[in-house]
Amino acid sequence: MPDSRRPRQVFKNLAAKIAAIPMILTATVVFVGGTLWTVLYSFTDSKLLPRENFVGLAQYERLWSSSKWIISIQNLFIYGVCMLVLSFVIGFVLAALLDQKIRFENTFRTIFLYPFALSFIVTGLVWQWILNPQFGIQGVVRDLGWENFTFDPLYNPDIVIYGILFAGLWQSTGLVMCLMLAGLRGIDEDIWKAARVDGIPMWKTYLFIVIPMMRPVLITTLVIVATGIVKVYDLVVAQTGGGPGIASEVPAKYVYDAMFLSQNLGQGFAASTMMLLAVIIVIVPWAYLEFGGRKRHG
Amino acid sequence: MASTAIDYAGAPAEPLPQELAGPRGARPRRLLSRRNIFLYGTLTVVAIYYLLPLYVMVVTSLKGMPEIRVGNIFAPPLEITFEPWVKAWSSACTGLNCDGLSRGFWNSVRITVPSVILSIAIASINGYALANWRFKGANTFFTILIVGAFIPYQVMLYPIVIILREMGIYGTLTGLVLVHTVFGMPILTLLFRNYFASVPEELFKAARVDGAGFWGIYFKIMLPMSLPIFVVAIILQVTGIWNDFLFGVVYTKPDVYPMTVQLNNIVNATQGVKEYNVNMAATIITGLVPLIVYFASGKLFVRGIAAGAVKG
Amino acid sequence: MGAVSVRNLCLNFGEVEVLKNLNLDIEEGEFLVLLGSSGCGKSTLLNCIAGLLDITDGQIFIKGRNVTWEQPKDRGIGMVFQSYALYPQMTVEGNLAFGLKNARVPKDEIARRVARAAEILHIEPLLKRKPAQLSGGQRQRVAIGRALVRDVDVFLFDEPLSNLDAKLRAELRVEIKRLHQQLENTTMIYVTHDQIEAMTLADRIAIMRSGAIQQLADPATIYNKPVNKYVAGFIGSPSINFIDGQLEIGSDPVFRAGETKISLARYQFSGNGPKPGAVTFGIRPEHIFIEKAASDQPFQAEVDVEVIEPMGADTLVWSRFNGSELRFRVDGQHPVKKGDRVMVGFDPARASVFDAQTEMRL
């Protein structure tokens, strides 16, 4: 390329380039730079302050031998699987019910979605109160005469994560429903008519025709819900604070505690790098399916 | 004659052979058909499940502590008292200070307002530059930005602490505003880029022929015609930033904590007697702003989350 | 009673009356086309016949059986949609067989019917493909096949060709006609807003306007003897010329517009015969001849050419006759230009005269 054209290349669209500086800085410095920095420093023995004393995989070894981390991972796994399955099933069923040309559709949709507008802190505190063994559901049922009724998920280490799941589902199923409803509305009306003329029962139409057609919406929802699961933090802080003991710890809380409470930056970096890895495992296959295939078509 | 002439009303010229017996009109449908009972029954039960926490919050916040200790959380208050609300607002203790949620509320206002304005201003200009002034490399940065939206925040928490400390704004409201602007950027930029890309190209070209430049077109043409998308963005950001906890707790100091952090500190404070009615009043007050935004915005809220969900 | 009978059908969407007391009888083996402008209720009528919409009042009979309350699958109908409505995740074979499997038709019977439909529609090589791998024309064939395997006597088509390009449309049009001839005693109801499709396919055409049938007749009658002004204007391209004037009855009925008188001695008046008063006289552009040919016609006049639109094979000429616009066609080779004065002529017996008030044919 001749040299004389170069300056014009730089000055072309100059205003646009200047306007895009915040985006460029965010993308490069914070997202790429920050991520690489954290991954790099996860191989150091940073404590109160980051320092460049590389110790190989020592932080990861410590991480995986910490019972708090193991419990965090187990909890995340249980929470994640239950959350995905239940929010999808419930969200889809609700969306399908709302799609039956019912009356008061807007009212129902508004009710199902409002918890999504609330913060996880509010959600966690409400459910902490409802699940309070003395005054909450357990107390009420006992007052009704069932003296031995036990329902105290927040005080039972074995099932505490399900108590959090309860609140999490309450908060975010409405979102899944809303996305699915948008997906259902996107299905060509004629498909339903054709299925009715063919005499295909409604449940079979959903199962074999409509759900397969909703693949893009399902995948998008899956990605949104899954990334939300990995980030779950505030809910646990508000509802149980990780307790009883360490029974309801989750990875995001492990990271925060290590970095800002126990002055153990290296552990925090290693744990957050593991979280990143988990997200990559979710995202990469999706991105490949979603965009890898498209590129081939040009 | 092969044809049958038909008049305007559509009745055949020849009379019908005979009045025909059998079903006529709409299929008979009972109001209480099994389908309807199942449909509305399920929806109603689920709706009750969804509304119950809100109800419990309100009811609890209106009771006195003695009534709570003997009563049932689902029972309506025997004696309505607004004491808990007053206390939650002005004198509840967080362990550090005892001036109630009001401090957190005003902090949240001082965080949310500039964050919303700044993040939307920057993202809309980004989106505009990306959609209408494609320059070399733009899409690379945009892709990084979108991929970055999926990175867990925990990975970037500490590097941002360092950046803010270097800039001298760690622990201040300014720093937090900057953080919200950065993390709001992917979704908002996507939102605006897609919106501006749908603006007819002719409009843009005509303006360029008329001699308008980058900023001229943005302010004179794009801004006025994209009010709805700005409303969607505002809804998205107000609720998102108001509800934030993690950034608030990481990047601010106790005297500038946002409301969510303060609420959590009040409710989960370890010392002192638990005052459940005050806690619930505080919880409602904190949830009030996003709830009002939600109920006032109606369909636009749904559009906002759908926009957030649908990729470009 | 015919294959399909619709009696006093009313359909409201909330407050809006879409179909108003509509009656229709369709003979067995007939090809009936529902023609009308957009939004006049053609699809609605078809969906009512199929049972996909709950009607407000009236009855529907298919093959003499009252099916007013029956489910679509029990009505003995097959339906083809404009958007094909194929099940995208299933192969062509799966699309054809899915309904039958649900009706618990024996396997070998399914195979036989699928094979037959595939043969009739020439889609055998496509059976293992998914709809996304087919062209528009092929997709519509599969959609027709899905109706075909149901082994029914009544087919409903809702604008099946409007998503296809002009060439494919012409091809598939012939194919549908052939299919109708091949399947004896099969009744077809076909919705379109394309006149050519209607004219070429139909045994009878029903012209609809805002929820009511205006005229139900064979294509020739619709074209030559439109029952009212709307039908006359709707059918034919370029559309019919209307000239306003008076009907006078002396020894013979005469149409008078300004100074010009046109004798209607050979015009066949319908029903009650001629009645003096204000009328509209309609003559189709293709029934107007010029110069030499015009002199053979019972009526002649001289007009000035205002605009010409050459269209290759012929040229459309716009002129003015007694204040009303007059369009006619001349051979493409014929030299006419703006400002020319030409002699035109036509046969009033081929015209249509409408009452100016009621717009009904006289």
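Which chain is which? They are A, B and C, in the order written, and residues in each are numbered from 1.
Keep in mind that, in the parts below, a residue touches a chain if its C-beta (ideal position, glycine included) is under 8 Å from a C-beta of that chain, and two chains touch if they have at least 3 such contacts.
Chain-to-protein mapping (UniProt): A = Sugar ABC transporter permease; B = Carbohydrate ABC transporter permease; C = ABC transporter ATP-binding protein.
All of these numbers come straight from a predicted model, not from anything done at the bench.
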Chain-level touch network, classified as line, ring, star, complete or other: complete
Chain located farthest away, centre of chain B as origin (C-alpha): C
Centroid distance [mean C-alpha coordinates] between chain B and chain A, Å: 16
Chain A-chain C separation of Cα centroids, rounded to whole Å: 56
Chain centre separation (chain B, chain C; CA means) in Å: 52
Chain B contact footprint on chain C (complex, rising order): 1, 7, 20-23, 25, 54-59, 61, 66, 68-69, 204, 212-218, 221, 227, 270
List of chain B residues in touch with chain A within their complex: 39-40, 42-43, 46-47, 49-54, 56-57, 60, 68-69, 72-74, 122, 125-126, 128-130, 133, 135-136, 138, 141-142, 144-145, 147-148, 150-160, 162-163, 181-182, 185, 189, 213-215, 239, 242-246, 249-250, 260, 263-264, 267-268, 276, 279-280, 283, 286-287, 290-291, 293-295, 298, 301-302, 305-306, 309-311
Contact set on chain C toward chain A in their complex: 47, 50-52, 71-74, 77-79, 81-90, 98-99, 102-103, 146, 150
Residue ranges of chain B in contact with chain C within the complex: 2-6, 8-12, 16-17, 20-28
Footprint of chain C on chain A - complex, ascending: 188, 190-191, 193-201, 204, 208-209, 212-213
